[in-house]
Every structure is written in structure tokens, then in C-alpha cells.
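In the two complexes that follow, chain A is the common piece, with chain B as its partner first and chain C second.
Right, the complex of A and B next:
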């Protein structure tokens, strides 16, 4: 299982607050379509995540790969397909100024949202997130505890999987080269058994949760996850940085909204 | 309907002499697609603070009683129910399972399903939060619940790291933390090793002494549950079920005296004292001269067949080291040799005609050894020679491949032999009446028989089996032991892993004891079981009967145990 660096400044922030900030920033940059503003925001976010998440640079670099690939795709498609002032042409391929600009804006937006999501995931424990969503974001007790119980069943699944695979392998005939069976039929059987065994276990877990009174009202909450002053400072800090970057960009005449798409 | 107005707290009700906290009135339960009723006209009153143990063979309706009390039958599991179940003054019909949970604490069989949340203290806080307990008190109550089950040290652990016994103790703490009036224990030890049984038993006892809830216990392993006190260590009242009907209900020592013979014949496990008493009429277990005389009589040499000392070697392991390396993968995936070996230097030969038992504490590497011998794990070092063995897993469900019992046995057989083999296995394992059923729908005992039948349908010289009798009633356990013996006598060899030392002493020709990452002893069963140093190093404790036999009837231990088993099945081949 992925381990979470629990002591970093970002890891100590309330998970619901982090999720909210991630959502807010993503929403704001949806309306920014010049390349420079999201690029600056991306660089600032990258520095912030590197400094505050405690995650190794190598991990962050690896986590960037899918976002980089997607960003490159977005850039190329826009550069080649948007109408506008032609910068370069060769046969049917032509690159326009507008295309390059919008493409770069979208690519940096992808990277920005990507780095924030990576920072969130690397600094947030799944259990803490569910608990926080329950306490701070009004997620009901039943879905919360159902997901937590499901998470625990998931933890056990790799062990069950290898047990069932072995249990089936010993039943089947060896293949001609003497190795145990491993084809799609074998795996299909293993998946089916795992499914049946898991469903039955799920029923038992559900009964156990009900027998502990999950669903009774009114509930109380032990050790509620609190939103601390530091969490609000974190929100204010992020809002301030984004605001300053947007204002500076507007001041310099660089900031462009959705109009860039049609202009 | 005056009961509806009874006070909610059972303690007050009992103090006022008003009656019971759990009341079953003429309860009849029938599950869909079953001919027989699971329960028939069952009436029971259980007072606050009263302790009851429910006895009966597999399928006698023990678990159904508990499910009727929780309301799972009929609210969650569909069933036709007649009669009335009342808990703390409210009838099942008007009370949902969740609402009823206010009065109940439940501990079920499967330890891994009993603990649902990622961290131990969350698990125990949940019932209190659900009941709206003042958060200021929750921390302290978690501490005292964990303390009462002897699990204080587990509080901050992730539940994924707990052993089976630890899981059950945590689940018990969660069942007790809200101090419900009624505690329901459904074979809470059936999946645990002896150490786990003792831990859970002691935890229940100390909790019961602390605040005196009413307890309904369903349990197979009565001697282990009773511990050193014998019958006195069991709940004071016993209810005996046969085919869904209550045939006896009263003080434990009296009912056991009256009913022991019938229960033994029905294939139900009994405490040793009651088992011996049912044969001689004498009380006092191993201390009674009459019972001792019986064991001596059973041990008298009769015309038993002698076994050939050594047959042809069928499976040979030399210099074997085993560990959790990945299975030999497709495409010749490289095996990670760095993974630590659990056991090393294992030299083991299985010969024709032998039943060999592997003993050792939990986690010593017994199952890993079986998987390696079966060719499912690559040895970390050394090698295994011999034809491919069959392996029957502990959880029979893991091995099912077909949608019918018949198809399950026929799986992998060539068409020219299928019909004859399937019929033979169906007959041998008493599965004929289940031919068209889905394997996953069978009872635990039936599933065990089927997985053994499906493996034995293939002519493999060596059979490996992991805890073949765990959770079975006595009749099924004896039948399984007999099948294993017949497999060896028919020219095969059997290697079994088991914690049940009575089974091992009665069945195995040879015992291999594992401990400290190696083989501690390998020799004839009696000789090894008589060696206190080996037993101590492997943390094995002999049950009192086996211990007495080893000391008093050397050379006849297996013979006596088989004689006792024969009194259940009526086969007189061991009785003088």
C-alpha cells in the first residue's frame, strides 16, 4: 500500500479543506486561457508541493508522467487544429499562434491540477479523508463506514486472490510444459470465486456493522476531526497567492479569459 | 401483550421477578427451498444475567436461534417465521435489526469479518458513537473494554495487522463496550488455534463477571471453552437442540448426564467428562476408576491389523527451505530469492500407507510448507521429488470451480472415467442427495466433504490437507479422519496440518513438529507427543485425555481414541 508522509505540513492539514482548495483552484483556472498565468501558478504550486508534502522528488517526478503526456497531447492537438495566424506550415500540417497559445494554456492547466492532485494524494491518508468528510463535510455515517469497511476488505483481497489462485491451480491439470494453469479460463474461475467469497464476506461485515448499531439516531462523534486555525491560514494563503498572480497578470495585460478560444 | 410495558433494562425486570430479557415463544423458522424447518416450536426464556450454552450437531438450528434473536431472521435473511421473539420487551416483527442492536452484543465466527474498520480504537468507538454516547466518556470506555478482554496493547494498531485470536478479542470488546443486556456468541472460537480459544474464553469470562449480561453461547469446542474447571467452567444452563427442536433444557451438569448418550450418538461434541460419563455412567472424568477402566478396556489389544512399517517413498523433500516467494509464474518470472525463509533445512519423506501430521504454533510456516510441497510455491532452497500431490485447503470455498456438486467432482476428469468416479466419490462422502446443489450453498461440513471428494477423485499418490476438521461437528470430523486413513491404506500417503491433538493422536502414524524455523522433531506419533521438551518448544499443550493416555496406556493411544470414535458412529471395529 502507498504510504503517506504523516508529519509534513501538508499532511497535517484537514483533508476536507485540502480537497476544497484543490477544487477551488481547479475551478478558477478553468476561466484562465493565457499560457503565462497557469504556467506561473503551476511553478508556484510545484514549489509549494515539493516543500510542504515531504514527498521525495523522484515520486513527484514519476507521478507527473501521466499529466505530462496528457498536457503534451493537448498542446499538440490545439497547436495543429486551431485557426489563426500561421507560424509554420508543412504539407497538411500547420501551427497557428492562437493554437499554440491556447494549447500551452490548457497544458499548464493540466499540469497545475495534476500537481495539486498529486500533492493531495501523497499527503492524505484514505481513512483520515473519509473520517474528515464525515465530520466536516456532512457525509452520512452509513456511507462513510461502508466505505471504510470496504477499504478493509480491499486490504485483504490480495491475500485472498493468491490463496484462491493456488487453490484452483492445484485442482486443474498441468499444462503440457508442466507449469500450473494460467490462462483466461483459470483466471476467470479465480475471479468468480473471489467475487462469491467477497460478497459473502460483505454480508457478514454488514451484519457486524448493523449489530454495532450503525444507523441508530442520534449519533455522537468521538474525537471529531477539527478544522484548525492553521487550516484557515492555509486556505487564505492559497487564495492570496492565486489572487496576486491573477491581478499581476491582468496588470501586465497577459491575463486572458475564455474569450481566447474565440478570438 | 403486557410485556411491551416491561422495563427496558432487563436487570430491573429480573429483580422485580417480571421475567426474561430474551423470550422465544413457539418459534418455528423455515428457510425457502428447504423441506425441514430449521426450528420447530422452540420456546425459551432467558433471564437477565443468565448464561446459556446451546448444544447440537451441525444443522440442528443453533445459529438460527441466534439469528432470530438479532432479527437477522427474518429481516435480512428471508424465512417464514411463526411464533414470537421478544428482546427487552419488544417483538422482532416491530423492531429492525439496527434498533434491536441497542440491547445486543454479537460475536460471530469469522474473525476477519468481525473487525470492519481500519484502526482498533475506531472499531470499539463505533458502537458508542452509534448509541449517541457522550464523547467525553468514550475514550475511557474503550480503555476499559479493551482491558476486560486483555487487549489493551492493541488499541492503536491497524486492524489489518491482527491475528485471528486478536481480531476476535477486539470484536468482543466492541460487542461489550456498550454493555448490552444480552451477549450472543456464535461459535466464536471455531476458526482459532488453541491459544486464541483460551484468549477469547478468558475475555468473555472476565467481561461477564464485570457486569453480568445474559449470554447465549453456541460452541463446539466445549472442553477448550470450559478450560481446567471441566463442566463447571461451562455456562450453568444448557439447551439441547436436535433437528430444530429443544429436547432438553436445564442445569448443565444434569442435562449433560441425561442427554450425553443421545448427543454423542447425534455427532455432537461433548466435554470429556460428559463423553466418558455417557459410556460408563460414572462422573469425575479421568479421575473416576470406572472411566479409567473403560479406557483400559478400549486399549486392550484386539486383532488389529499391523501396518507395514515403511512403504515406498512417494514424496521426498530434501534440504527444503520455504518462504512466501511468488508462485512459479507464467513466462518464467524470476523468483525473489531474498524473501526470508520461514523454515529451512526440512528433510521430509512421505511413504506409502502413512498418515503424517505437521504440528506447530501459528505462523511457524505450516501452510507455506504445504503449498511448497504441492508445487504452488517455489522452494527458497532445496527440492521436492515425487508426483504432483493433491492439496485440500482450509477454506473449502476457495477451491470450488463448478456450479454443481456433481460438476465439482467431475472437474478435470477424462470422460471415460468420469461417471464411475463421480458416483464412487458421491457415495463415499455422503453427497448423493446433494448432486445438483451449488457448492457455495452447502453447509460448512458438506463443503469440506465435497472438497475432499473432488480432490480424491484424481489418482494422486499424496494428499496434503490443511486443518481438515476445523469447525466440523464430531460425526463429520470422524468421517474425515476415516477417509484420510483409508486414503493412506489404499496405497497413498497423507500429510495433514492440524491443531487438534486428539485427532492427530488417533490418526497419524508419524508427527513432524515445526518450531524456531526448523523441524524440532520427526517420529512416531506417541513418542513425539510424550516428549515434554519438544511440546514446550513448539508451544503445544496436550488435551487432558491424550495426556492421560500417553502416560497410562503407552502404545495404545490411537487404539483407545479410535474406540471412543467408534461409539459415535456405531462401528464396533475398535471396541472390545
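Right, the complex of A and C next:
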């Protein structure tokens, strides 16, 4: 479903640490509601991801499309739907200063979290992340392996999907022009079949895992994942950059919290 | 273990179905522009489905919360949701909301009303978190958003869940889980 760069500086960081940093930054910016601070953070994050993830610029640009569209939608809705000092009015539509400011803040926040998430996904292998969560973050063996089993099923799902659709097409009614059926009703049927097949498969997987002694302690593991000094340097670096930007923004009087929402 | 894998399976299947739908949907939502931002409330109930289905099949405390969180982990880690890991917080709140009504009936009643309330609470609770995260407070549309989201929660996240559970029970694939044992006892 996605390919992962393995040799870049970001790819060599511990997956749990990366997830933790992404989580922390997402949480912190949730409380920032002026447009300038998240915009600066976004530019810094963009530069950081371009330099450290080793992903081609084209891939990064393409990955921007969904959240760029979402950010644009957020900006427009906020500009139009917030009370405040009117900048422009035409019939029932009016753009307010407060709306533009909050909208831009939310749009830049969407971009910031989006680019960080993309950097994380492009540099982190899903299986490595689950192994790391198991080793470094204390996630139990049962949930870890249940999720990994689910991941395996997910990889096979596109094939399963076309198989079910083909089976339906062989049996099912054709449309008038001879094409196989494809309406929402039909798709609902395919999803339901997929659900039934997967539940059955999941039960077998669970039995197989248990009969192989999953959940017995102590476990030994192939290719243990470790947290290195470089990982902590990475954490310190990100925290420092975010801290400096927030402090500078507060010094300049630009920083605004959730109070901005209520005027 | 069987129950745990079932929760993951539900998360994965719905995750995959959403992923397929979102791909067709994305183009449409870009065309709709700002209206796409409102359309998310119409579909929100769909994200709640996993929790009530898991509870009705497994009938154990916390099944709904765990299933919802696992589904979000699959979305974030393997399907690459651009929302990022804060999606897991939203999932936790949704799970708690969806599970509450079942917990209050001590996991004994699975009628239409309980499912409907479950969808309502799931959508209602998470609304206040999303509203903060996405800055909906202070917008003119605040009440409209809340109303649409609650209706969607009841229909897609509550009543539809019961339809799916009934259909699954009829196929016999869940006979080995608590739901099947419950029926034998009757």
C-alpha cells in the first residue's frame, strides 16, 4: 500500500519515538490559534521532512493534495462563518477578519500535522513500528500480534476484494449494457461478504496463534528494536525548535490560544 | 485472543472499506469545496460502526473502546491517515460514547433503542473534542454541525450497526462468540 524509505536519517530513528514526537507536536499545536505560529512551524517541518526523510519531492507534493484541499475548505468555511469585523460582504456571504485569522491558523495546523504525518509514514515501516511498540513502549504480545495479523489481512484485501467482485459478476445480473453491477447496493454486498470472510479467517488466525503458544512468557524476539542516543537527540531537537518558535511568537505578541475562537 | 483478533478484523475491514470509499469521496469533496467540510458530519456515524458491532458480538466490558482504538491504530499506522495520531484520541472518545449505553444495561440488552443511544452518545461526545480541535466553537454553523452529526450517529453509527450485527448472526460466522452462546441459552 505504501513504500518506505529505509536508509534516510529519519528512517533510522526509533519508530515509537517518532510516533511519540508526532503525537506531542499534534497535541501542542491544538492549543495554538494564531495564523503565524503554525505557519512558521509548518515551513520548518516541511524543510525538516524534505531534508531528513529522503523521500522524493514529487512524492511529498502528491501527498500534500488531500490535506491541502481540506485546509482550503477549513479556511473558506471559517472566513465565511465567524462573526466579527466584516471585511467584505455580498448578499448573505460575508468575510470577517476573525474568521480569516482563525481559518488560516487551522489551515496551517492541518498542513503542519499533515506534513509531519507524511514524513512519519514515508519513513516508518508498519511492522517495525508494531515491533518497536511491543519492545520499547510495553504493548502486550497479544494486541501486537493481533494487529500484525490484521495488517497481513489488510495487505491481501485488495485481492480478496476483486475476487469477491469477480464472483458476484459471474453469478449476478448484468446491467443493460452488459457491464457487471457496480451500484452502492452491490458494493454494500461486497463489503459484507468481505466482512464475513475476514471474520472466519480471523478466527482461524487466532487459533493458530494460540496453538503456537502466543502469550507465554518470557518471549524472545528476532531483531530486537532499541532506542539509541541519536533518538533522544532527535526528541530534544524537535522539542527545542517548537519551544523556541512558541517563545519567540509569545515575545512578539503573536501567540494566541483557544480564546481566539470566542472572539 | 479470538475476541481480540475479531476486534482487529472489524477494524481492518471497516478501515479498508472506508479507505476505498474515501478515495472515491475525496474527488467529490474537493469539487464541493467548503461544503465538503460540512459533509463530514453527515458521514461521521459511519466511523462509529465498529464499536457497537464489536460489543454486540463479544459482549464484554471495554470491547467497544478497544475495537474503536484498534481500528484507529490500523488507520493511522497502516493506511496512512493524514489526521495523524490525534485520531486515536478521537477514537477513544467515540468508543467510550458508543459503549456507555451498553455498559448501563450491563451488556444484557441489544435492542434498537440501546443501539440508537449508543450512536447518539458516540457522535455527541466526540463532537465536543472535534469542535475544539477544528475550531468550530464560535462559528455560526455550530448548532447545525452538532445536529447533523447526532442524526448521522443515530442512523449510521447506531441503527445500521444493529442491521449489520443481525445479518452477521444469520450467516453463522459469529456463532462461536458470546452472541452465539447467548442465543443458545435462550
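In the analysis below, the second predicted complex is superposed on the first by the 200 of 263 C-alpha atoms of A that agree within 3 Å, B and C clash if a C-alpha of one lies under 4 Å from a C-alpha of the other, contacts with A are read in each partner's own complex, and residues count from 1 in each chain.
Keep in mind that, in the parts below, contacts are C-beta pairs under 8 Å (C-beta built on N, C-alpha and C of every residue); 3 or more make two chains touch, one makes a residue touch a chain.
Source: prediction; values computed, not measured.
Contact with both chain B and chain C is seen for A:149 once the two complexes are overlaid on the shared chain.
Touched residues of chain A, counted separately for chain B and chain C, are more numerous for C. Of the two partner chains, chain B is the only one touched by A:219; chain C is not. Of the two partner chains, both chain B and chain C are touched by A:209. Of the two partner chains placed around the shared chain by superposition, neither chain B nor chain C is touched by A:119.
In the superposition on chain A, A:38 makes contact with neither chain B nor chain C. When the two structures are aligned on the shared chain, A:164 is found in touch with chain B, with no touch to chain C.
In the superposition on chain A, contact is made by A:189 with chain B only, not with chain C. Taken together, the two structures place residues 149, 151, 196, 200-201, 205, 207, 209-210, 214-215 of chain A in contact with chain B in one case and with chain C in the other.
By the touch criterion given at the top, residues 127, 141, 145, 148-149, 151-152, 155-156, 160, 162-174, 179-180, 182, 189, 193, 196-197, 200-201, 204-205, 207-224 of chain A touch chain B in their complex. Across the complex, chain A is touched by residues 70, 72, 76, 97-99, 101-102, 104-106, 108, 110, 112-119, 122, 125-135, 138-139, 159-160, 171, 174-175, 178, 327-330, 371, 374-377, 388, 390-391, 393, 395, 397-401, 411-412, 440, 454-455 of chain B. By the touch criterion stated above, chain A contacts chain C in their complex at residues 1-2, 19, 22-23, 26-27, 30, 33, 63, 66-67, 69-70, 72-74, 76-78, 80-83, 102, 105-106, 113-114, 116-118, 120-121, 126, 129-130, 142-143, 146-147, 149-151, 153-154, 157, 161, 191-192, 194-196, 198-203, 205-207, 209-210, 214-215, 258, 261-263. Contact residues of chain C toward chain A in the complex are 1-2, 4-13, 15-17, 20, 26, 29-30, 33-34, 36-38, 70, 73-74, 77-86, 132-135, 137-141, 164, 167-168, 171, 173-174, 176.
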